[in-house]
Each structure stands twice: as structure tokens, then as C-alpha cells.
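Across the two complexes that follow, subunit A remains constant while its partner is subunit B and subsequently subunit C.
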Partner chain A sequence: MGERKTIMIVDDEPDVLLSVGQILEANNYRTIKAKDGHECLEKLKEEIPDVLLLDIMMPGLTSKEILNAIEKDSRFAGIKIIFLTAVHMLEAEEEDLLALKQVVDFIGKPFTMRELLDAIEKTD
Partner chain B sequence: MKVKAEEEIYSKIIDVIQDIGGIGATIEEISKAVQLGRHTLSKYLNHLRADGRITYKQIGRAKIWSVSKSPLQHIFLLSEEEKTYTEKIFSRILSYMPEGILILDFDYNILFMNRYLTALYGDCIGQKYYHVFFGSAHQRQTLSRIAEVIDGSSEEVESREEDKDGRILDIKARRVENPDGSFSVIAIIHDVTEKVKYEQRIKNLSELHRLLGESVNRSYTIHQLCSTILKNLRDVISFDFGDILIYDPVKDMLFSYAQIGYPVGETSGAEEWKRRIAMEAIHRKEVIFFDFFDSRKGMVELELAQTAFRLAGEYNLQEVYAIPLKTKGELHGALLILTSSGRTISEEDRSLLEGVSEAIAGGIAKIKAEEEWRLKANAIRISTQPIFMTNLEGNQTYVNHAFMEMWGYKAEREVLGRHCSSFWKDEAKAEDVLTTVREKGTWEGDLTALRKDGSEFNARLSASLIIGKKGPFQLVAAVTPHV
Partner chain C sequence: MENRHLFAGIPREKMKSLILLIAILACVILDVYVTFIMGKEIVYTHFFYIPLILAGVWYHTRAIYVAIFLGAVHVLTTFIHTDFGFSIVTLEAVQRAFVFLAAAYFVGFVSREHAKSLLQEEKRRGEEVRKSEGKLKETRDYLNNIIASSADTITVVDMKGIVRDWNKGAEGIMGYRADEVVGTSNRKFFADPEEADRIMELVQKEGEIRDYRTIVLRKDGKPIHISMSAAVLKDKKGVPIGTVRVSRDITKVVELEARIKAERDNLNLILESMVDGVYVVSEDYKVEFMNKVLRHEFGNRVGDICYKVFHNREKPCPLCKLPEVTKGKTARWEWYSRGVNKTYDLIETPLKNVDGTVSKLTIFRDITERKKAEEEIRKLNRELELKVVDLEEVTRMKSVFLSLTSHELRTPLTPMQAQLQMLQEGYMGRLNKKQEDSIAVILRNLTRLDKLINDILDISRIEAGRIKISFESMSLNDTVKEAIKMQEPFAKKKNVKIRARLAELPTIIGDAERLRQVISNLLNNAIKFSKKYADVVVETMQVEENVLFCITDDGIGISKTDKEKLFKPFSQINGSMGREHGGTGLGLAIAKGIIQAHSGKIWVESELGKGSTFYFSIPIKQKITEKEVPYIG
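This part shows the complex of A and B:
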């Protein structure tokens, strides 16, 4: 059995952060939680996750700024990014958020946990 | 006593000047009538003139005195050298007032207008008020409420009136008694055109947004929404023809969803020309504008211009606007606004249209999403696989037709609101499934279902938690009966 994957969840909604975190742990994943972009980048300095679940509309740093910071730092090159957001995919495209190769999926809210678990599994 | 005596002399001098009348009186004539020496009389005359009660005209070396009908007018007719210090200060204050000052006699003749009004109408002293302001050859009661002051029905009036050039004027006028007992009308006039236009724009904008909100709430289909929007737009902004075309990004094509104003039974290539112009606005993501009577406006590439000119020829157009309808990142279509020859859309209305275009696009996006959801809901409804949804407590919130069939129920009220475990033989196991879905997000496995009539069947259940913007809120499950 391989090592447990680490998933970082970045969402400003505490209930999403808590529930998605608990469910992923119940599915044998390790989780790191960040309530905004600043906390995300701070925690990335301490630990590099395998997958980053990133909300798009959050206060503080924009998603583009987070992506830029990840792109610039070679230590983060292995992180797979899944957007988990209420923003329309075309809007994300317009904001040029899907261009980075590390972005592997885009899941619109509301979503089923089945979709999310499948997307995480596919990052192998 | 001395003051009273002086006042009597002043009155006598004015009476004499009025009695002589006509072209005015010389100092000799006045001197003879009031029996005062020239030197003393000259002193009194200068005092009266300083008060604005009499005035004079210099003819050669002689001064011809007359009673001042309009003291203010008198001040402005004098040269700078002739004015007293007070008159100079006063005339400057009046001239540079940031509002218009207008003085009329009771025959509507303009006696005085300050710089503010001269800048708007030119020097119109001596002309008729109604001609200068309203371009009318005759006074009519409906032209201006100043007539009420002149006919004596009002002492003072305040009104907002539109002049011959379309300016909106706030006019406050009242009657003023002159020293000779006659009356003048003094009016304070303020050009409020910009302010009124701005207020009207805000009013129109909020009215459009209100109508738009109403349209979105009441519309069930995009066709319905687009037709209502076009009608509402034409009620607020005057134009001749309009179209809303919806964009399909997959096919990169536009489809006409609503039109207004066009003659019935058109068979020309107009539809294609309109589509090309609208498509250009979509691809550029910016407004395209043609004014066919002013080539400097809306200059675009030759090919597009040719298309636009063909369209203009077809409908005898003056202007064409193609406004892309886009929300933040998504293009939904284009709004085409066309005006007939001789009619233009004002700058204000143009920016109004551009201002509401995003709201229109938002409305279209909302109805589109609703249509899409209805389609998906219909797909689930007609699916042959039983599907149900519950709230987090496990109470049924939705079942499709296949579920009703499979479990043998006729009416949804028999099913909705009931706990989901009651539809399975082993209720405790069904409770465990629910707990697992809440904790682990999903569950998949076999269960034995319990029909309404008590019969059983084995099925595979695949359930998942649904996470919304605020966290988990529903469960959804699909059932595959074992054959």
C-alpha cells in the first residue's frame, strides 16, 4: 500500500474546509487546511501537498496570485491543482487560471463527493 | 425736516421730468419748472441719478434727463466713466453672477440680460422674451409662466421650462415696481440641462434595471426574456429596430432570439448582415457603432463597413449599434440597436445601453442556466434508473419517476418527507449507509428494497454527499435493481 496522499484544501468557507477535510481523512488522505491565499502560501513553506484543492473567489490574494507564486517556486512543481469553485469555468478561462499545467481539474460547486474523490484519484 | 424738504424737491423734479415727457428734459427746462438754480439743481439731479431714479442721455454737450424706467437697465447703459463707484461694483456683480439675470418690461421686451444669458442667447436687448427664449413670434400662456407675472395673476413664479434649443431652464421670476410706478419683471434663470439629463439618465437606468429584473423573474425561456427586454428597452430609449442574438460558443454562431420594429415578411440578406455585424462585436468584445451620415464616426474595416452600408440601405438607417452581451468572462450574445434616418441615440442613452448590457447578459445567463437545469432535471426525471435525494437528516426531498414505479407508489406525497431508511428492508443497515455517506462522502453496495406492497427486490445503491458553496447539504443516490 502506497504512502497516504496529502491534500491541501484552500477555501474561505469554514464548513467546506471542515467537512471536505473530515471526509478526505475518512478516505485515508492527510489534509492541510488554509482559509485564504496567504495562509495557503505560508503553509506551503512548511509542507508540500500532493494535491491542492483551490477555491477561486476568496478574500485576500487572488487565485492568479497564488498560481503565480506556485509556478515561480520549483519546489511546488509536483503539486496537482484542482479548482473547487462556484465560479463558472469560462470565467476561470478568461482569468487565465487554467493555463498552468499543474491545473488538472475544475469542479464546480455544488459537486458530489464522488466527483471529487474520482478527481483526486486521477492525479496519480 | 431738512430730509422731508429734500424729498419734496426730489419728487418735484421727477414730476417735472415726467410732465415734460417725450424725449426728456434739459436742465434749463427743469430749472425753470422747479425754480432752482442750475448749480443746486445739478446737485439734486446727480443724487437722483445715483439712486437710479432718473437717467440722462448725452446729446452733444447737453444732457437730456428722463425718469429711469428700469434702474438696472440704466446702470448697464452707462459707460464705465459715467458710472458711480457703487454702480460699477453692482454692475460687475450682476454681470458675473453664476446664474442668469433677466429683466423684462411688461411688453416682454428684454431690458437687461447678464453675461450668463448673453453667452447662451447672444445680445438680445430690446427683443421679445418669447422670441429669444422660445423662438415664438407671439406670446402664448403655455410658453412660460412669466406671463402670469405680467398679467398680474401671480406676484412670483417658479418654473422649469425648455427653450427653443432644448435647454432646460429653472426660472424664478417676480414683479418689481420701478420708481415711476411702472413694473418690470426680474427673473433668475439657471440652465439645468446637464443636471436634468443626468437625473433622467439615473432614472432611466434604474427603470431599465427594474424592468430587467422583472423580465428575468417572469421569463421562463430565453425567447420570452429577450422579447421582453427589447420591448422594455424601446419604452425607455427611443429606437426603431432592435435584435437580441444569442451566441453559441461551440459552433461560434449567433441565433436570432428576438426582434422589434422590423417590417413583416423581409426576405433580403438583412438577417445575415445583422449577424455579421453582431458577430464582429462578439469577437472584438466591444461595441461597434456606425453613423451613416457622419463617416468620421464608427470607422471600421472596409468589409464590415460594406455590410453595414447594405443594412443601412435596406432599412434607411442613420445609426447601428452592436453591443456584446457579456458577463465577466462569458459571451452570451449581442444587442443590435438601429435608428432610422434622421434619428440618433444620444450619448447618454448610448452609455445607458452599454451600462445595462451586462445586466441583460446576466439575465440571459440566468435563464440559460435554468433551462440547462430543467433539461438535466428532465433527464433525471425520465431516466429508467431510480434516483432519489435526501436532506442531511435522511428525509426524501426528490424521487424520479423510475423510483416511484419501482417502489410501487403513485403520488409523490407518499414518498417525499419520509425517512429514506423506510424504503429498505433492513432499516438499521440503511441508517448505517446514511452515516457512512455523511462521514466518508460516498457509499456503494447492495441492499434489499421494500416496496409499498411489502414485496422486496435486491438492488445496488450508489450514494454521494453533495457539497455546496456553504458545505454539505444533500445526498443523492442512484439505484440499480438486480435482474
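This part shows the complex of A and C:
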């Protein structure tokens, strides 16, 4: 295992942020937490993570707006995006959230630890 | 003839000769007296011309004998007077005698010629009269023949009502012979004897009557309808002497008329009692007939002009169908009458008249109520459409609500499941056996709660017609195998063996994940309701243009009434059984929605206590590209 991966978790639910953070940190990942889209974009300016775990249906910026911002900025081109959401995948597809090349996976809530860890491992 | 003679009123032949003789004798005596008593021989012979002219006129040239005689007498008297010697006087007498002769002859000749011409004229006239008399007779015979052979009765009745003439026709029609009735009163012929007086009075007053209808009685008592024409008969001086009457037997005509009238009355009765209005209008827009319904609505306007009656116009209506209808066309149109506030369905047809003209027959069907009903229906439809829109909105909102709700429900589940998994995995330190078991129970029920939320979301999407299906080319058998693999642990736990008989199938267009969901559900049900150590048989096959999936168990079976509600949401046949076997009661309703979204069918064959077989079929050649497919409940 080389460099520790940095993973940014974006979710408006503090308990989800906490739980996902705990799981990832226990598995030797570094985490950055953001409670909404604004915070996400704000923190992206400071540090560029390897993987972005993104919720859908949050107050403030919509997921589409976050994706657009990431797409526009070439510095973010290396970020792999995984959706972690209670929204149905087909609905996400309807909203054109899966078209971006950087989106690599989609995990439905509630998730199992295995699904989450497998998805992150696959981003290598 | 005598009237035209020169000396009118002169006595007859004998009288003529007597007068002539007296005149001659008077001349002789006068001659002798003048010559011998008065002694004058030469003069006073002028009166000799009287007998000469009379004789000439009456006896024509035979007057010369009178002239000879009188001349001889005169010559003789002069001869005697001159003592029988010839003298100048005698010679003069002789000369006079010749003059007498010439005068007599001239007068006689002229008179004879005149008489001759008179005679010829007379003859000609006589012939003419004879000729015209012959003609007259011929005409009279001809008329008599006509009268005799006429089928009509021709009778002459005098002023007292006594029959004076009675033709053959009268004999035929009335049954009386001429010799039976001529000379008797005509009163007995009439059904009402007073009629005889009335006719007589009428004829005298009017001079003639025409087509006077009355009833007469035959000799055998049978009544006959006649039509009589009569005229006053006058003598030479113009004094009325009776009436001549010509009558025709019109019994059959009257009967026919009665029949026609009866039929017409019948027809009228039908027209009058019709619920529809009927009217007839002539080519020149005159209303010829209106039945009761129309008279009631518009008043009796027969004879008036149609556009005034119905449309209150001064000119024919611009849309009037009369010109085309009278040309033989039929028209049908709707007309709203402002006057009576009714809508009519008008059917207009040409009506040929006996005289060759064409009228327009119009039937007015009152469709006011129907129109109102149609309007009402339209209104209701509009309201219904609005309600449907409302309902669709409600359904959409319900869908949105459920979607949001399920999202919100899942959200707390997520950290719960994460934390429990971390506990289970020993992230928070080692657990003892009891703790592990406790966490397993909580996790299992979390999964069940998650499934319930998913099912509710699915069924709400299906009911809203918003089920999400992603169609791709797929193998049904692979999906079946996958589903079996997933249900294997559950089967093992229940000691049920799953046996699969999968035929070779073509690929179909479908959503593999959704179909796996259906098959899993059916498998899960079959295992759930099977007895221990039983077999569940899964089969696939191709039937015509469909792939067929069926799954058979020998479980508790389903009654006929339950079969009907089986595929409806939240319709677990028996609440307690549902709890006993676990499940949401939504599985089959979701399965039905998914199969229908694949244009397929799902059904069950079952007998209570003997197990069930569930089937679904999906068409092979089908290309569905839409992601949302309407749900047919």
C-alpha cells in the first residue's frame, strides 16, 4: 500500500458523516468532511482529495451544481466521484448526474461496509 | 205571293174576269154613247186603257184579245157613224186600235215577265225551305239519338213538376220506363221529396244549375248519388214552360271520394298524432299543411309564407333548402328556433304533387332535450377532465411524497446500519456471543425495514405510472439462475429443494434487475409457503412468441376469491399468515407492475391445499425504449 488516499465526504447528515468517516479512518483512509455543497467547494480549494463521496438531495447547492463546478476546474480532473445516496440510481441518471466521466460508482443508502470499501478500493 | 202583287187586295180570279168584263162593257157603252148620242167620233178613247192594263196585268199578253175587240168596236162604231164610208176618222180609229194592241201587248209582256220572275223566286225559296226542313229533321233525329243513347238521364219536367220527357239513360239509371213516369210528378224520385221543389226554385231563380248533388231513389228503392245540371226551357215567346235536366250517376265517385276522405282522415290522424312536427310548403314558399304539434308551437299559419311564419323574415332565408329539395334532393340539418326556444332536427324531402309541382315536406324532430343532455354531458366531461387532471396531480404529489418520505426514512437507517456493522465487525472492540446475536437481530430487521421502504417506493411508482425500467437485451435463464442462487440459503434453511428445468430461450429485451426482483419474489413466496422437504419447480420455455416462466409449489394453495386480490397492493391474503411468513404484501403487486411494464402477463393457477403455479410471459420481439411505462392496474 502506497500513499494514504484522501477521501472527501459530502453529506448534510452529521451522523452519516461521522459513521462513514469512522469506517474509512478505521480502514486507513484520510478524510475531509463537508456538510453541504458550499463547504465542499470551499474545502476543495484547500485540498484536492482522491475520491469524493457525494450525497444527492442536500440543502444549498444541488449535486448538479457541484458536479458542474468540478467539471469546470481542471485541477479537479483527477478526483474520482462516488455517489452515496438514498436517491434511486435511475433518478440520478434522469437528472444527468452519472454522465460525467469522473463519476465511477453509485452506492445506495443504507449501504453495507463491504460495498463502500469495495467501491473505494476500485478507484485505484 | 198575293201580297207582293201590284194590286194588293184585289179579289180572286172570278172577280178579276168580272171586273174586266164590266170595264170592257163600260168602254163599249161609253164608245157607243159618245159616238152616237153625243156625235163625236174621234176623242174619248183614253178610258179604253183601263181594261187593257187590267187585262195585261192579270192575263198578260192575252190582253191583245181585249185590244182587238175594243179596237174592232171602236173602228166599227166610227165606220157605222160615218155611214159606212171610209173616212179619215175611220182610219184614225184603225190607227188607235193598233195603238191599243201595242199597249195591251206591252203591258201584258211586262206583266208576264214580272210574274215569271216572281214565280222563279218563289220556287227557289220553296226549295230552300224544303232543304232546311230536311236538315232540321236530320238534326232533330240526331239529337233524339243522342238523348236516347246518353248514359246520363235527360228529362224534361214542366213547371208543375210533372215529367214530360224521360230518356233511355233515365230508364237505365232509375229503373222506370218512360211510359211509367211521363205525366207523373217527379217528387217521388228524390230521397227527400222537398228536394224537387228546391231544385225547381233554384233553376227558376238562377236560370240554370250545374253539378248539383243530391240523392235519388231507384224504382227498387236503392239510393243513387247524382250530379244534376238543369236549365229553364222556354217557349217561342220566352215564357218558361219547364226545365230540362241532365243527371249523372256519381254513386261510385261519391263512394270513392268517401274512401279517399277516410284514408286522408286516417293519414291526417297519423300526422296529427305524431310527436314530430310535419309541414308542407309549396315551391312559392306557401305553407300548405301543418300538423297539430307545429300548429301548437307556431299557430295555424297554413296559407302564410314560410319564412315569415318560422323565421320572421321578409325574404327567403339565405340557407333555405327549398330550391334544392324541390329539385329532388333531401336535406337534413339542425335548426334552433329563437321564437319557441327549441332545437329541431329537420329532415326535408321533396313531395310530388298531382299537378306536377313539387312541394317540400319537412319533419321537425324536437331535439331540445337531447341537445341539453349533450351539453350536460359535455359539461360533465369537462368537469371530469378537470378532476382527472386533479387526480393526476394528486398521484404525482403522492409519488413525490413517497419518494421524499422513503428518502427521509432511509437517511436515519444509513448511520444505524453503518454503526451496527462497525460493532459487528469489531471496530469498537470484541463482542461476546450475546452481543453479536443482538446486533444480528437488529441488522436483520434493519434490512427488512429497508426492503419495506423500497417496496413502498416501487408500488407508488408503479401506481403513478412512473416505474423505472432500463431495457436491455438479456437472458431470462441467467436471471433465473441468479435469483435461485440468491434464494438458495433461504431454501436450505426451510429444507426445500429448488429444481430448475430451463429450456433454450432467445434473448429478450428487459430489465434484468427488475425481472430478478420478480423471480426472487416468486421463489421466496414458493419457498415460504412450501411444506418442509418439498420441491419447488422452476421452469422456463418458449411458447409461440413469448418466453414463459413458471414456478410450482405444493404449498397451502389459494382460493378462487383470493386469486383476484392476490396481485393488489397490501393484499396479503391473511394478515396473520403474512406475519407468520414475513413479507410486506407488496411483492406480487410490484411483480405485476414490472411484468406489465414489459408488455407481459402474470397469473396464477392454484387449488386450495394443493399448491400453486405462478406464471409470467414476456413477448420476445419487443423493443421498448421508453424508461417510463404506464401501469395498467
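By our rule, the second predicted complex is superposed on the first by the 123 of 124 C-alpha atoms of A that agree within 3 Å, B and C clash if a C-alpha of one lies under 4 Å from a C-alpha of the other, contacts with A are read in each partner's own complex, and residues count from 1 in each chain.
Simple rule for what comes next: contacts are C-beta pairs under 8 Å (C-beta built on N, C-alpha and C of every residue); 3 or more make two chains touch, one makes a residue touch a chain.
This is a predicted model, so every value here is computed, not measured.
Figure out whether A:Glu42 sits in contact with subunit B (first) or subunit C (second), or with both, or with neither.
neither
Of the partners subunit B and subunit C, which touch A:Asp96 in the superposed model: first, second, both, neither?
neither
In the three-chain superposition, say which chain, subunit B or subunit C, touches more residues of subunit A.
If we count touched residues of subunit A for both partners, the winner is B.
Considering only touches as defined above, state whether A:Glu65 meets subunit B (first), subunit C (second), both or neither.
Touch status of A:Glu65: no partner.
Using the superposition on chain A described above, determine whether A:Glu121 touches subunit B (first), subunit C (second), both, or neither.
neither
Is A:Lys109 touching anything from subunit B or subunit C once the two structures are fitted on A? First, second, both or neither.
Both subunit B and subunit C are touched by A:Lys109.
Across the two complexes, find the residues of subunit A that touch subunit B and also touch subunit C.
Residues 13, 15-16, 18-20, 22-23, 26, 86, 88, 90-91, 94, 109-113 of subunit A touch both subunit B and subunit C.
Give every residue of subunit B touching subunit A within the complex, in rising order.
Going by the criterion above, the answer is residues 249, 327-330, 439-442, 462, 464-474, 476.
Sort out for me which residues of subunit A touch subunit B in the complex.
13, 15-16, 18-20, 22-23, 26-27, 86, 88, 90-95, 109-117
Report the residues of subunit C in contact with subunit A in the complex, numbered from low to high.
403, 406-407, 410-419, 421-422, 425, 427, 446, 450, 457, 468, 470, 627
Can you list the residues on subunit A that touch subunit C in the complex?
Residue positions touching the partner: 13, 15-16, 18-20, 22-23, 26, 57, 86-88, 90-91, 94, 109-113.
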